[in-house]
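The following blocks contain the structures, represented as structure tokens.
Here chain A shows up in two complexes: once beside chain B, once beside chain C.
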Partner chain A sequence: MITFIVRRLLTGLVLLAAITTLGFTLLYLGGGDIARKILGENADEQTVALKAQELGLDRPVFAQYGDWVVNALGGDLGASWFSGQPVAAAILSRLAVTLSLVTGAVVLIAIISVTLGVLAATKREWIDRVAQVIALLGFAIPNFLFAVALVLLFALTLGWFDPTGYVQFTTSPSGWAKTVTLPVVALALGGIAAITQQVRGSVIDALRNDYVRTLRSRGIPARRVILKHVLRNAAGPALAVLAVYFVGLMGGAVIVEQVFAIPGLGQVAVQATTQGDIPLVMGLLVATGIIVIVFNLLVDLAQGWLNPKVRLS
Partner chain B sequence: MRFTKAGLAAALAAGLALTGCASAGSDTQGQTSKSLTLGNVLAPATFEARNLNWGNQSIYFQAVYDSLLKPSPNGKDVEPHLATKWDYNADKTVLTVKLRDDVTFTDGTPFTAEVAAQNLLRFRDGTSPQRSKILDLADATAKDKTTLEIKLKQANPAFLIYLAQAAGMQESPAAFDKPDVKTNPVGSGPYVLKTSDTVVGTSYKFEKNPKYWDAGSVKYDRLTINVYNDATSLLNALRGKQLDAAAVGDNSILPQVEGAGFKLNGQNLNFAGLLLFDRAGKTNPALGNIKVRQAINYAVDTDAMMKVVALGRAESTRQVFREESHAYDEKLNDRYNYDPAKARELVKEAGYPNGVELTVPTSSAFPKQLWPLLQQQLGDVGIKVNLVDVGQNLIADLQGQKFGLSYFTLQRDANEWQLISNMLSPTATWNTFKYQDPKVDELIETIRTAEGDARDKALKELNTYIVDQAWFAPWYSQTLYFVTNAGTNVELNAGNAWPNLWNITPKA
Partner chain C sequence: MTNLAHSTDPQIVTAPQETAKVSLFRRILRNPMALGSLTFLAVAVFCAAFAQFLAPHDPNTSVISNVLSPAGGENPLGTDGAGRDVLSRLLYGAQFSLAGALVALATALVIGVTGGLLAGYFGKWIDTGWTWVISLLMALPNIIVLLAARAVVGPSLWAAMLIFGIMLSPAFFRLVYASVSAVRNELYVDAARVSGLSDSRIIARHVLTVVRAPIVIQSAIVGGIALAVQSGLEFLGLGDIKVPTWGAMLSDGFTNLYTAPTLILWPALAIGLTLIALTLLANSLRDELERSTGPRKQNRRKPTKPQPEAAAEDIVRHDEREPEGEIVLDVSHLSVGYPTPDGGIKRVVNDVSLTVRRGEVHGLVGESGSGKTQTAWSILRLLPEGGKIVGGSIHFQGKDLATLSEQEMEKLRGRKIAYIPQEPMSNLDPAFTIGSQLVEPMRICLKISAREARERALALLARVGIPNPERTFAAYPHEVSGGMAQRVLIAGAISCNPDLLIADEPTTALDVTVQAEVLDLLRDLQSEFQMAVILVTHNFGVVADLCDRVSVMRLGRIVETGPTRSIFADPRHPYTQELLGAILSEAEPRGPLVTAGAPGQPVSTRSASNQKGAVQ
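Our next item is the complex of A and B:
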């Protein structure tokens, strides 16, 4: 188990190095005149040159990358070129926001998908058709469109939630709930569609196994058979899809955070990438890379716990 | 079974938390008459005084800093602020400024003439986008604790305005070298930035400065400025009554904003049209020919452009100067009435019987609906427009003289010298090819030092000349809006998208 974890972490480090190198290269290739972007249309050429010098943009790209790597290894990710805020602080202040959205969405997806998927597989009939319709809608409706519809109905028409903004949980739990509920629901829709289908299919497959027939023939109640044996076997593939979705949700948060004007990683990622804020984008690559690597490791460990056949040694 | 119970309990708890909390009331956005929440399209790039920008960012800096002078809403004049009196010498190259003696920064440091001198020199030597405006500053010295002497390399008729904008903002000298100076400003202004509640780039929270020297001018206890990167989220915030006022950059949402009960306070701020940079014909000899430039002016149906591109929220103009400027002449707006036949004739007379080809940059920053209309209208008179997508490099490419002309919207400063310095003079940022014309140079020099009628006459002559010479092809001045709710008053600031902070007030 320890060897497995160490190996996965080392692979993760290599992956992180590859991501940051590629990211830095791409940012420089498509970056254009960054000093000009920072200063805008009214700055004269002399000031633009001074700004480029101040940021070290007049040095060779390799030297700039080398400095970034050395500083990053020392824990210094630099400061945003467009706000002056230290990158680590910018990411940490937004990480909690995005993680609260994504975690909320994952929990919502898990609860609804497992419930609906199991009911659809075991009861069939109308509940199955409902699950199919929900899945279809979930796949068909882009989450930004769903987000806009949620805002129109629940925030602007009914006034139940705030249409934009974010309140920290520590400032006001009710304010927090009013600002995160709609984004979480908007984020979860696609995942609910995919995971419900996955759970439904896996449960139907598991129900056809001999051991299920055996358990039933021994008089074990159907509910116990499903929850203790079938669901455990069916959970593996669903968990794998959920892991993929978690990463997808980090991406989906980009759009949802824009619609709801939520100060999360997605919103800052859009801004930083559009602007060419290289220190911030590099910091975001590192942060999201670490999150994805750690999350996938946890999913692998959970898979082993759920299914002895893939248990790690 | 235990799993089911636990799952159900979790789901129920989550559901209760969400729905219960959602109906819990309005504590999160609770506003009293003493708080003001504004919506902006831009976050401040920095709070470091030596590198401040202006325009859409001015509102943040007026909250935390005081400037030496106060800009008047007409955009041309200045009023006393930290400076109480000021006088130029005869040739307007030495400015003596008397300063208040009762101002301290929020860190307790006293404001003195020495501090003012340091701030001015730091701004000149910094990397602010506004830096080029005060390059005429030769030196600034403190004559005594409250007397500042500013020496200029040459007279600069807009210098006092600059002291009322970014260049005049005063930062505590104790903050100059602080590592967090870009995000944690220390000024003497009416508000203090609450860094603990601020999310940089998204939401800025300010509290009233309890020791402000001009406490009577501060109308709100708390100020919040939220940043909206897209028009939809700004519209949602306005419709959800989360904002008291906002600067709206995208006019397409105005009907819904008005429908949500907001008052639309508009001013014709920028001018839109073609900037004909290459008046010497370096990149394309045709552009060096006045007849071709005039043909470009005659060829465009500005009414159609206003309707299609500006959604009708604009006013037709053929001039770059503002309507209230001494340079403005109503008659000049008829100089190039839409006349394709005349434009065609001019192209032929210019020596291009087979027409002219122009390369024009496009960018996602420009409205897409513009191009078919422009290509069609110029094409009709024998001017073929080849579009080149420059992606993110628009400004750099324009400043780098890669294009002889471009569509653009440029700010029309209320102060004429400011506008001349930005668009017309040989060193102007938006005279990208640094084109010089002896007559223009002569008129600019007159305007630099003349006063009264002589100055006004020179301004009018300059404007008439550049319209005749077709330095630009302006189509219309675009109306931009600052919207306010029923409880908020505003007095707009000519030439700036944002009003002065002290001119946003609660309704009695």
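Our next item is the complex of A and C:
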């Protein structure tokens, strides 16, 4: 089990190294005259050259990258070119907000998809139709459109929730719930669609297994066989899809945060890219990379718990 | 094996796929959902292509005096926040949005399909490299990557879509790679290679034809994703302001959401409907494709091979003295059916009657598809999906199982009627330990404590001849052998002292030596617990070994029934004679071939049925 975790972590680290190398090379080589961009068109050549020297931009890219890696390993991701704020601090202060949205969405997706997927697979009939329609809408409607629709209906027309802004949980739990509910729902729709379909499919597959009949022949009620045995065997494929979808969830959060004016990573991302604030962009790549890798590790651990055969390999 | 010669000829191999493709296309046109989607997409493409002629104004000309004007007059749909004509922007938006999505799709197609073909056809090392690239592409949210790219190349629709196309290429790569590596080792591809076809011709002829339809489906999905992500990016206000797209309109609409809420409606509708059309198109294409390859799939799932229903004929009954003992199970005129696609019911068990007494083993014999397993499952009321008892009765301890409620039935299963399945490995839940699968039913049926159930389970495991019960109790199913697993299933079946045991080919999946041991165990347990047993088998060796009475089934009907001794001595129905003859002829002159197994062991039934096939 420990070798399993270590191996997964190592793979993750290699992946992270590849991402940062690639990102750094492309960003710094493709960025053009960075110092000029920072100082604007009116700065004279000498100031620009000085600025480039100050940022270390006059050195070869691999030397710059080497410095960046050494600093990053010590937790220092550099400073924003425009605000001068340390990148690590800027990202950490927004991370909690984005993570609470994404975590909320994952929980919502898990609860609704499992319930709906199992019902659709076992009862068929109308609930199956409902699941199909949700799947279609969830796949076809981009989350930002859904978010706008939610704002129009529940915030502007009905006034149940706040249309924009973010209140910290520690400040006011009810205020937090009011600001966070709509973004989480908007973020979750696509995932609900995808995972419900997967749960439905793998429950139908699992129900065809011979052991379902045998367990029922022993006098275990059908409902219990489904909830205990079928669901556990069907959870593996569904989790695998969730792991893939999680990456999309991180990207979706960027857009949904903009709709609700929530000060999360998305805001940093949009600001950093419009300005061309490359240290901040690098920090974002690192942060999302780490989150995705950690989530995948958690999913792998869950897979091992669900399926004893995975534990061996 | 006679068609091996044909498979060297590429013409014959590809021809059927060609016709399938044509009929698929025709069926798509007949499918209302697909036709609707195609029509909508055609209209969108038309608007995109002729935007220059259709649009009343230039999409980028802003009239400052005419900001956010309502619909009507000069501007049929009003103007936006910069005083630009909404209708014109919507039409030009179709042009740029769809073209952008197309750039992404084309990039993904070119990279994914070529890469998939090369990696799948030529070998493993490309695969290893690609797997890395794919996990790299999938480890980052595409919006983040596109944002990062924008920081470098600036706001360009085409550059963004080109990069996104690269990120989408795994969707095609995986599809093509999987199909190609499956096809690569097919005999007909080998044959084509041997007959001197070049690699590129083989790829074009045999490989591309296989993946063509899935690629079309995937294209609809990928195109939709590209449009959605492109709109998302522009919605963030990160697009090129000079390029009118639906996403840019959304962005403008969102800025003016409070003052002019209808502004966001048009681009939202355009994007939403296009995406829904693409999704519906992909779904109906997939449905039609599955339907065209459906029959083969269905056969695998269906419990029985489609066989003609036998006409009613007189059952050959062997005379006997009325046997003694209380009747435990009395099945009379039982029929089981499955719904057919045309709304009828296909009977797989027809007018079956049999009785089983306490302490008696009743053999149900017949080849695969004769309905014997269906009969067994209907007694347990555990027929596969769709299967129903359509006639007759099953009397068991004063109740008719054919009409009993599911709750009542649940009380009988395990406690009174037990079941031993055919395939030991697939009948244990791989996710739970063997012990917990034994304990769980006992706690429900016997209402005993976990500790008590555990002790009982260990005793049962010892009783069925498992050398180290503690270890097997803690093991997972994949950690024990097939013979062990079958013993565990037998232990589970007898764990609550049933009165009736239904054993469905309990030894078929086992090695010959293990078969004999399991049969011995079954015989001992049967006499120890004085159970009534229905033994489903296609093996007359097993019948001779274990059964008191036999019923021979063919095409869903019982054709001959009587005491085992009498049927062996005097088989009267031609089908029974044929089954028995198959065993006897095998035991005779071809000595060396048969003695490969242990002599005197039950004859492998596979060869028996093969012989039958040869006779026909």
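Keep this in mind: the second predicted complex is superposed on the first by the 280 of 313 C-alpha atoms of A that agree within 3 Å, B and C clash if a C-alpha of one lies under 4 Å from a C-alpha of the other, contacts with A are read in each partner's own complex, and residues count from 1 in each chain.
By our rule, contacts are C-beta pairs under 8 Å (C-beta built on N, C-alpha and C of every residue); 3 or more make two chains touch, one makes a residue touch a chain.
Note that the coordinates shown come from a computational prediction; the quantities given were computed from them, not determined experimentally.
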Once the structures are superposed on A, label A:47 by its partner contacts, choosing first (chain B), second (chain C), both or neither. first
Chain B versus chain C as contact partner of A:161, first or second or both or neither: first
Could you look at A:148 and tell me whether it touches chain B, chain C, both or neither (first, second, both, neither)? both
Which holds for A:258: it touches chain B only (first), chain C only (second), both, or neither? both
If you stack the two complexes on chain A, which partner ends up touching A:172: first (chain B), second (chain C), both, or neither? first
According to the stated criteria, A:250 is in contact with first (chain B), second (chain C), both, or neither; which is it? second
Taking the superposition as given, does A:270 touch the first partner, chain B, the second, chain C, both, or neither? both
Of the two partner chains, chain B (first) and chain C (second), which one does A:237 touch, if any: first, second, both, or neither? neither
Residue by residue on chain A, keep only those touching chain B in one complex and chain C in the other, then list them. 30-31, 148, 151, 156, 224, 258-259, 270, 276
Chain B - residues contacting chain A, complex: 1, 3-4, 7, 10-11, 14, 17-18, 21-25, 27-29, 43-48, 53, 55, 127-132, 181-183, 199-203, 226-230, 232-233, 236-237, 239-240, 242, 391-393, 395-396, 399, 411, 422, 427, 429
Show which residues of chain A lie in contact with chain C when the two form their complex. 15, 18-19, 22-23, 26-27, 30-31, 136-137, 139-142, 144-145, 148, 151-152, 156, 207-211, 213-222, 224, 229, 232-233, 244, 247-252, 254-255, 258-259, 269-270, 272-274, 276-278, 281, 284-285, 288-289, 292-293, 306-309
Complex contact set, residues of chain A against chain B: 30-33, 36-48, 50-51, 54, 79-80, 82-85, 90, 93-94, 107-108, 111, 114-115, 148, 151, 155-156, 160-167, 171-179, 181, 223-224, 227-228, 231, 258-261, 263, 267-268, 270-271, 276
Provide the residue numbers of chain C that touch chain A in the complex, in ascending order. 132, 135-136, 138-144, 147-153, 224, 228, 231-232, 235-238, 250, 254, 257-258, 261, 264, 268, 271-272, 275-276, 278-280, 283, 301, 377, 380, 382, 385, 406, 410-415, 417-419, 421, 423, 426-432, 437, 440-441, 444-445, 476, 478, 489, 492-493, 495-496
